[in-house]
Every structure is written in structure tokens, then in C-alpha cells.
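In the part that follows, the structures are each spelled out as C-alpha cells.
You will see chain A twice below: alongside chain B first, and alongside chain C after that.
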Partner chain A sequence: MLKRPFFWVIVSITLAFAILPLATGDANLRESLIIVAVAIALASNVNLMIGYTGYVNFGNVIFYGLGGYIGLYLTTVRGWPLIAAAIVAGVVVSVFTLVFGMSILRLRGAYFGLATIGVLEAMRTFVSNFNPWGRASGMYVPMDAYQSLGGPMRAVWISYLLIVAVMGSSLLLSLFIKNSKFGLGLFAIREDEDAAGVLGVNATFYKAVVYSVSAFLPAVAGAIIFFKNGMIDPGGAFDLTLSIEAIVMMLLGGRGTVTGAAIGAALYEQLRGYLLTSESLSNFHLVIAGGLLLIIILFAPEGLVGGFYRLLPRARRVFE
Partner chain B sequence: MNDVADALLRVRSVSKTFGGLLAVDDVSFEIREGEILGLIGPNGAGKTTLFNLIDGVFKPDRGSIIFSGQDITGWSPDKVARRGLARTHQIVKPLNELTVLDNVVVGACFGSEHLPLKAAREVALKVLDEVGLANRKDALARELTIAGKKRLEVARSLAAHPKLILLDEVLAGLNPTEVAHMIGIIRAIRERGISVFIIEHLMQAIMNLSDRIVVLNFGEKIAEGTAAQIGCDPQVLEAYLGDPNIAEKLMENG
Partner chain C sequence: MYGLLASMFDGLLIGCVYGLAAMGLSLVWGVMNVINLAHGVMIAFGMFGLYFLFTAYGINPYVLLLPVIIAGFVSGVVIYWVAVHRVIGRPILTSLLSTFAVNMILIGLGTTLWSTSPYNVAFSLPGITIGPYTFTGGHFAAAFSAVILALGLEAFLYYTRFGKAIRAVADNRDAAELMGISSARILMVAFGLGVALAAASGGLAATLFPFTVLSGGAYQLKSFVVTVLAGLGKPVGALVAGILLGLLEGAVTPFMAVSWIPLIEFVLFVMALVLFPKGIFGRTA
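== the complex of A and B ==
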């Protein structure tokens, strides 16, 4: 792992994310970078399912939203410290996903994709009617919940650094899986699940494990982000749009590669930021995202990084 | 009874129907350690279905399959593979977007030895050398020719270090030079002590290679024996060439 050049690329990028806003104290920079960091984390983890294993998960935002709810519940109602709450949220969501994956992953191809949309809608409806989590109006973080982190201002900075850590972990996880036996098994499933089985890959088990693994870090990120934002509601937590945006980012950069998910997420957020703030194009970003998705799938299914590999085959060894 | 103890694979009264079609009908036979057993029969005789029953792709409706002393009836293909039974596909199934080397590493990693990546890579390189694909190891599997893909199928199953390998028409679609090369590979497999069960339409090749041959027709086993025995079995001749006495029979009835 340590010998791989890309390991050090990831470490450097993560450190740059952490240090730049801290050194300048620039709150605007911090706020733009936190959006990018969350996007990279979500896109990287959805890449484990789609890019590595070939299973399109439209419900990936469930992990993020459910993590947010569990995290907020533990920090505000139970009074837990943020880090413990975030990790427990991640573990709970992962275990839930593992059990759930055993059944839903019997479906293949488009049927799995459709089922994940159904699950997402079911989850949103359930939470909208779940009393302990505030039903449709959601939950709020009272101001004094931030005191344990040294006040709201410091809490925001701590949340930022935690999110950067989640981003770095997501990238390292992708890199680690890509170069492991586990990853090779996933690639085999992606290419031909039946052939993989005949070669000895226990596809049922592998799929359930990667589904569960891909849930952990997004859930942790959700717990931190919704705590930082101070509120959560079913519409914002289980938003199909965000799921699809994560998929667009990953496809834009290049599926199945670590670099692709990161670059796609960064670029997409730049574009979205520009569209959202420009007067004439405000709220137009979903139209652009849809168009982009169409263009990528039709003309560049391997994404930006895939095209880059084709121009420069050696890049494959460095930018994994 | 000694015979039975030596059997690596024992297939007992196995049947499989698809809808109303009886694809494999009460077939029994066994494969001994180190043997090359041929499987022939006209198109649609149920040869590939029999392979799929043995390696767990389909579950038999009736009958049992004992491999290496263990009842593997109804096991999933991955479990059967880890137990030491490898196969190739008639319609090749390369892992297209992976390199040739990685394809074979998958076989070594997830086969009977559960090798870690690094050891698997060494095994894979050796196997690629044996089947003559070493110079293509960094190509993507989809870039190979059909002959290359067939060799890749064989390499993947060999890398798994199996006790028994099922070869489904690995000679079909190859030109004479490639056929000769593949026959050399199959002989080398046996010399390593691996038993082979082979489906083949190329009569001359299978008659030469096999120690014994099983013949299927309409899902039924109609004959079993050495190449010489099979060659003069009237039922086999009829299955392949039609009834030699059909004209006379028709005349009599008419």
C-alpha cells in the first residue's frame, strides 16, 4: 500500500484540504471544500457498488440520510459525543445494509436498481411517520449540543476536519479494495457474475459485504454533516436527486477508478456551484446533470479518467 | 467395489428436465483418478447440461453427484470450484475488461487453493506460459482472438489447481494448428495428474485423447467404453448416422 504512488497522492490531497482553510481561516473556502469533500466521499463509495461490482445503487443516499438521523438522535437526544455518534451510526447502517443486502442482492441488473429506488422511498415514508425522529418536520440540534465541542464556531471547524478525514478514508478504502483479492473478486462479478461463480467467487457473500462496506463512510459523513447543519428532515435526508448526482459524478470522472470518482465529484460540484449562483441558470443544475449523464453514457462510458488512460496508458499505474 | 473407491467423480442416476423436455435422463457413470473421459453425442444430446449439473450451475431433479468422496449434489458453483472442480465454457466467458493475467489470477485466487494475490500472480504467470499466452498477459481479455479466449478459459481453470477439469468444446472453432496446440495442452494437463472430462465434436481428436468415452443421445447414456468399442456400437452409429437398416425396415412394413 505504502509503495503505491497514489497512496501518497491521496494523503497529500487530504492534508491540503485540511490545512488550506485552517491556515487562511477562510470560512468561504471551508464551506466550498466541505461540499466537495462530501461529494467525493459519496461518489467514491457508490463507485464500490457501481464501478467495482456492477450493481447500480440508486438508493445510496439512504446511507447518508440514515446515518444523519442516527447521529443526530444520539448526539441530541442521548447526549453522545459527535465522533462516537458518527461511528456508531456508520456501524448500525452497515449492519442493517448487510442483512438487507442478503435479500435484495438476489436481484440483478435493472431490477436491483429499481428495488433500491423503492427502498429509498419506503425509508423516507417510514421516517416521515416515525415519532422519535420528529416525523415530517425532522429534528433540530439545540445550540447547547455544540458546547461540548467548544461552541458552535469550533464545532463547525471540527466537523469540517472530520469530513475531510471521511473523504480521505473513502479514497484510501477505494484504493485498498481495488488492489486486494476482495476487489479482484468484485471485478470478476462485474464482468460476468456466472463466470465468477464458476471460478470460485462466492458472489452472494461478496456483494453483500461490499454493499455493507459502501454504506459505512457515507453514514459517518451524514452524521457529521447534519450535526453541523443543525437540522435534518426526511426530504433533505433521503433525496433521490443526491443519489443520482453521486452516480453522475462517479460516471463523469470514470467508473471503477479511484481518481475518477474524486475528479468527477470535484468538477461536478464546481459546475453546480456556478449554475446555482448564476442568476439566469439558477435551479437549472439538474437539467445539466441529466444532460451530462446522457452524454457520458452515450459517448464516453469510461469517463474522463478512462479517456485519459487511453491517451496515456502509463497513467493507469499512477492514477488508479 | 475397488473400482468405486478409485472414482474421483461418481454421477448416479442424474436427471434434469426443463419444462417438459427431459434434458438429462437417468445418467450414471464415473471418472477415475488421472483419466481422460470423453463425452460425445449429437447436438442437443444434453452434454453441456450434464456439465452444468456436475459443477452446480443447475441442480439435478433426481440423482446424486459424488466428487472426491463428498456428496456435492445441489452445491453452488463457487463451492464446487473451491472443492477442486474447474471447467471451461463452450461459449467463452472472459472477464472482458480485466487483463489476461488478472483473469487467470481470479482462477488461482478463488480456486481450490485460496491463494493470496501475490502467490496467485506467480501461479498465473506460470500457467499463462504453459498455454502460450504469456506474451499477451497485459492485454485486456476482450482483445484476444477466439483461440486465445479458449486458451484463457483453460488457463483460468488450470490456475485453480483442480483435481478434475471439465472441458466444454475447447477445440471448436480452432484452425488445425491451434487444435494441435490445444491437444498438447490437454495431454499436459493429464500428465500433471489432473483428471479430464471433455466434450468434443472433433471425433478424431476425442477418440485419440480419451481413455474411455460416454455417449449421450436425447439425454440418455447409450454407450460407454473405449474408442474402439464405441466406434462399432450400433446404437452410437445410429445416433450419428441414422439407422443403417432403415430402408429395409420401411420396405418390410410397406
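== the complex of A and C ==
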């Protein structure tokens, strides 16, 4: 790992994310970077499922939302420190996903995609009716919960640094899996699941594991972000649109590559920021995102990085 | 006890509409192996189509179903050429994403035009009262129209030359082409019919309940459940499974809050997928 140039690219990008706003103390820069960091984390983890394994997970935002709920419950109701709560949220969501994945991932291809839409709706229904989590109105973080982190101002900065760490870990995780035997097994499943099975890849197990692994970091991110935002509700936590946007980002950059997910996420967030701030287009951003997705699917399935590789074949060795 | 029966009977009537919605999904899925994720939004557009026609002309909404169906067919053909034709035969992931992209575009347009506030078709038929229970006439009329349309589709598929060609392409596209059937045209018509059915069921649903741009999603989820229960490419099976789902909804509503229903449907859906991958009416593999 340490000999791979891209490892150091990831480390330096992560450090830049951490240092730039800290050095300038610029809150606006921090707020726009945190959105990009979350997008990169989500898109990289979606990439593990769609890009590496070839399984569409329309419900990927569940990990984020559920992590947020568990994290908020632990920090506000149980009084846990943020980091412990975020990690426990990640572990709980991963274990839940693993158990669930073992049964649902016997489904092939499209059926799995449909099931993930169902899971998302079911989870939103469950949480909207679940009393301890405030049902449809959600949960709030009381102001004194931030005291343990040294007041709200510091808590925001700490949350930011944690999110940047999650982003860096997501990229490193993608890189690590891509260069591991496990990753090769996933690629084999993507290319031909039956052939992979014949060659000794236990497809159901591999899929369940990657499904579960792809749940961990988004759940941690969710726990931190919703704590920072101070509130959570079922509509915001389990938003199918966010799921799909993560997929669009990943496809825009180029599926199956670490660089692609990151670049796609950063670009898409820039575009969306522009669309949301221009008054007349704010409702329209779904149309643009959908149009973009359609164009990529029909005409450029390899995404930006795919095109870049074709122009500069050597780049493939550095920007994995 | 009678309350449960009444609720189940009402569920049966509404189930016919679910069945009709699912038939469209099932037809497209069975014929071209594309899961149309824009199905739900076309159901919602069917609702709005009927609403605007009804507010403009004020005539019987069941008559207005006809222009809604025609408009649905035309939009289906357009969607087919824009988003589906190029992805047929490519990995299923591709068609899932391309139809989802259409879904996003249309939902975005719908929210921009009509916001997400609820609309309502103000039309009611005299109901039938038995003891303390009243069955609204609208539910009967919607169920009746749904069954007529479903049987019409079935007759079209089994007794007309074009319908037989659709079934031939569904069975084996290569063999059908060798027999001189132009499969691109068949697929286009099949997709158009699927969307027309979605629009029709949306139009009928609009006469039953208030709706928003996002209402289609719930019907789409129900359509998945029904299609998976019935097995692919079995239109009448979809109607029967839709009625079963309606009965089930009717049976549980007296006992729990309506907001829990999607959870039950989803559990049913996953159980059906894992236990009966060929549908409850399917042949064993």
C-alpha cells in the first residue's frame, strides 16, 4: 500500500481538506468542504457495491440515515461521547447489514436492486412509527450535548475534522479493496457471477461482506453529520434522492475507480451548489441530475475518468 | 367481524387498481427484461392528467380515462426511444439506471409545475349502504374499470396478431425476429402499453384518494410486490395478485395504523422474492 503513489495522493488531499479551513479559519470554506467530503465518502462506498461488484444499491442512504439515528440516540439520550457513538453506530449498521445481506443477496442483479428500494421505504416507515426515535418529527440535539466537546463552535470544527477523516478512510478503503484478493473476487462477480462461483468465489458471502463494509463509513458519517446539524427526521435521513445522487456522482466520475468516485462527488456538489443557489433552478436540480445520469448511462458509461484513461493510458497506474 | 369483512371487501376493490398498475410493470419486465423505474411517476402523471381534464371539462372521469390512456401510450413510446431502446440487451444495471433517470427528470418537472401539495378529483358516485357500512360507488366503478382494462389487455395479447407477436418476442426475441417480426416496433408498443396501463391505474387511483406528485412511488412499490408475487409476464396473474394484496391491506387496516402498511408490503415482497422466485403462480424452475 505505502508504495502506491495514489496512497500518498489520498493522504495529501485529506490533509489539505483538514488544514485549509483550519489555517484560514474560514467557516464558509469549511461548510462547503464538509458537503463535498460527505459526498465523496458516500460515493466511494456506493462504488464498492456498484462499481466493484456490479450490484445497484438504491438504498445506500439507509446506512447514513440509520447511522445518524443511532448516533443521535446514543449521544443525546444515553450521553455517550461523539466518537464512541459514531463508531458504535457504524458497527451496529454494518452487523445489521451483514445479517440482512446474507438473506437478501441470494437475489441476483435487478431483483436485488428492487429489494434495496423496498428496504429504504420499509426503513423510513419503521422509523416514522418508532416512538423512542421521535416518530415522524425526529430527534433534536440539546445545546448542552455540545458542552463535552467544548461548546458548539468547537464541536462544529471537531465534526468537520472527523468527517474529513471518514472521507480519507473511505478513499483508502476503496484503494485497499481494489488491490486485494477480496477485490478481485468482487470484480469477478461483476463480470460473470456464475463463472466466479465455478472458480471458487463464494459469491453470496463476498457480496454480503462488501455490502456490510460499504455500510460502515457512511453510518459513521451520518452519526457525525446529524450530530453537527443538531436534528434528524425520517424524511431527511432516508431520502431516496440522496441515494441516487451518490450513484450519479460515482457514475459521473467513472465507476469502479477510486479517483472517479471522488472527482464525480466534488464536481456534482459544485454543480448542485450552483443550481440550488440560483433561485429559478432550485426545484429543477432533480431534472438536471436525472438528465446528467441519463446522458452518462447512454453515451459515456465509463464516466470522466474512463475518458481520461483513454487519453492518457499511463494515468491508470497512478490514479486508480 | 363484519367490520373486517367490509374492510377486506373494500381492499378487494382497490386491489383491482393495484393489479392494473402492476400489469403494466409486468408486461414491460416480461417482454424486454427491463424494470421500468419510471412506472411510479407515470402513475402520478396519470393522476394529474385525469385531474386536469376533469377540472377543465367536468365530465365523467371514467370517460376521461380514454384520453389519459392514449397520452400514456404516446409518452411511453417517447420514453422508449429516448431512454430504453439503447439499453435493451445491455446489463440490467443500465436499464435500471436509465429508467430511474427518466423518473428523476419527470419528478423534478412535476414538483416544479405542481409542487408537492395534495390534489383531489372532486367526483363521487352514490354508494351502497349495508347496515353500518357504506361502500363508495367510486370504488366499485374503479374496480370495474380496472378489470375491464385488464381483460382487454389479456384479450389483446392472446387473440390479436399483434398481441401474439408481443408474446412471441417475450418468449424468444431471436426466434421471433427469424419469423419476420420486427422486434423494435413490438418492444416500443409493449413499452407504450405498459406506460398506458400505469397512466390508467393512476387515473383510477386519482378518483379514489387525494394524491401528490410523489404518490406514484407508493403504487410503484405495490406494483413490484404484486409483480414479484405473480411472476413475470403473467398479466392476469398480476391482476389476481393485486387483488390479493388489496385483500391483505383490507385485512390489516382494522388492526394497525395505515402508516405501517409499507413495512408489511416490503416484508411480503422480500419473502416472495426469496421463497418464490418464479411467483406464486409460476412453474417450478
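Basically, the second predicted complex is superposed on the first by the 320 of 320 C-alpha atoms of A that agree within 3 Å, B and C clash if a C-alpha of one lies under 4 Å from a C-alpha of the other, contacts with A are read in each partner's own complex, and residues count from 1 in each chain.
Assume contacts are C-beta pairs under 8 Å (C-beta built on N, C-alpha and C of every residue); 3 or more make two chains touch, one makes a residue touch a chain.
Worth saying up front: this structure is predicted, and the values here are computed from it rather than measured.
S.K.: Put chain B and chain C onto chain A via the superposition and say whether they clash or fit.
M.R.: Because the two structures are overlaid on the shared chain, the partners are seen to fit without clashing.
S.K.: Now for A:184: first (chain B), second (chain C), both, or neither, which partner does it touch?
M.R.: Touch status of A:184: first partner only.
S.K.: Is A:289 touching anything from chain B or chain C once the two structures are fitted on A? First, second, both or neither.
M.R.: Second partner only.
S.K.: Does chain A have more residues touched by chain B or by chain C?
M.R.: C
S.K.: Quick one: classify A:138 as touching chain B (first), chain C (second), both or neither.
M.R.: After superposing on A, A:138 lies clear of both chain B and chain C.
S.K.: Which partner does A:196 reach: the first (chain B), the second (chain C), both, or neither?
M.R.: Once the two structures are laid over each other on A, A:196 reaches chain B alone.
S.K.: Please work out how little space separates the C-alpha atoms of chain B and chain C at their nearest point after superposition, in whole Å.
M.R.: Nearest C-alpha atoms of the two chains are 8 Å apart.
S.K.: Going by the contact rule set out above, which residues of chain A touch chain C in the complex?
M.R.: Touch list, chain A to chain C: 50, 54, 56, 58, 103-104, 106-107, 109-111, 113-115, 117-119, 121-122, 124-126, 128-129, 241, 244, 247, 251, 283-291, 293-294, 297-298, 301.
S.K.: For the complex, give me every residue of chain C touching chain A.
M.R.: Touch residues, chain C against chain A: 35, 82-83, 86-87, 91-94, 96-98, 100-109, 111-112, 217, 221, 224, 228, 257, 259-263, 266-267, 269-270, 273-274, 277.
S.K.: Using the touch rule from the top, collect the residues of chain A that touch chain B in their complex.
M.R.: Those in contact with chain B are residues 180-181, 184-185, 187-188, 190-192, 194-204, 256.
S.K.: Quick check: in the complex, which residue numbers of chain B touch chain A?
M.R.: 55, 57, 76-79, 81-82, 86-87, 89, 93-98, 102, 105-107, 109-112, 116-117, 120, 156-157, 160
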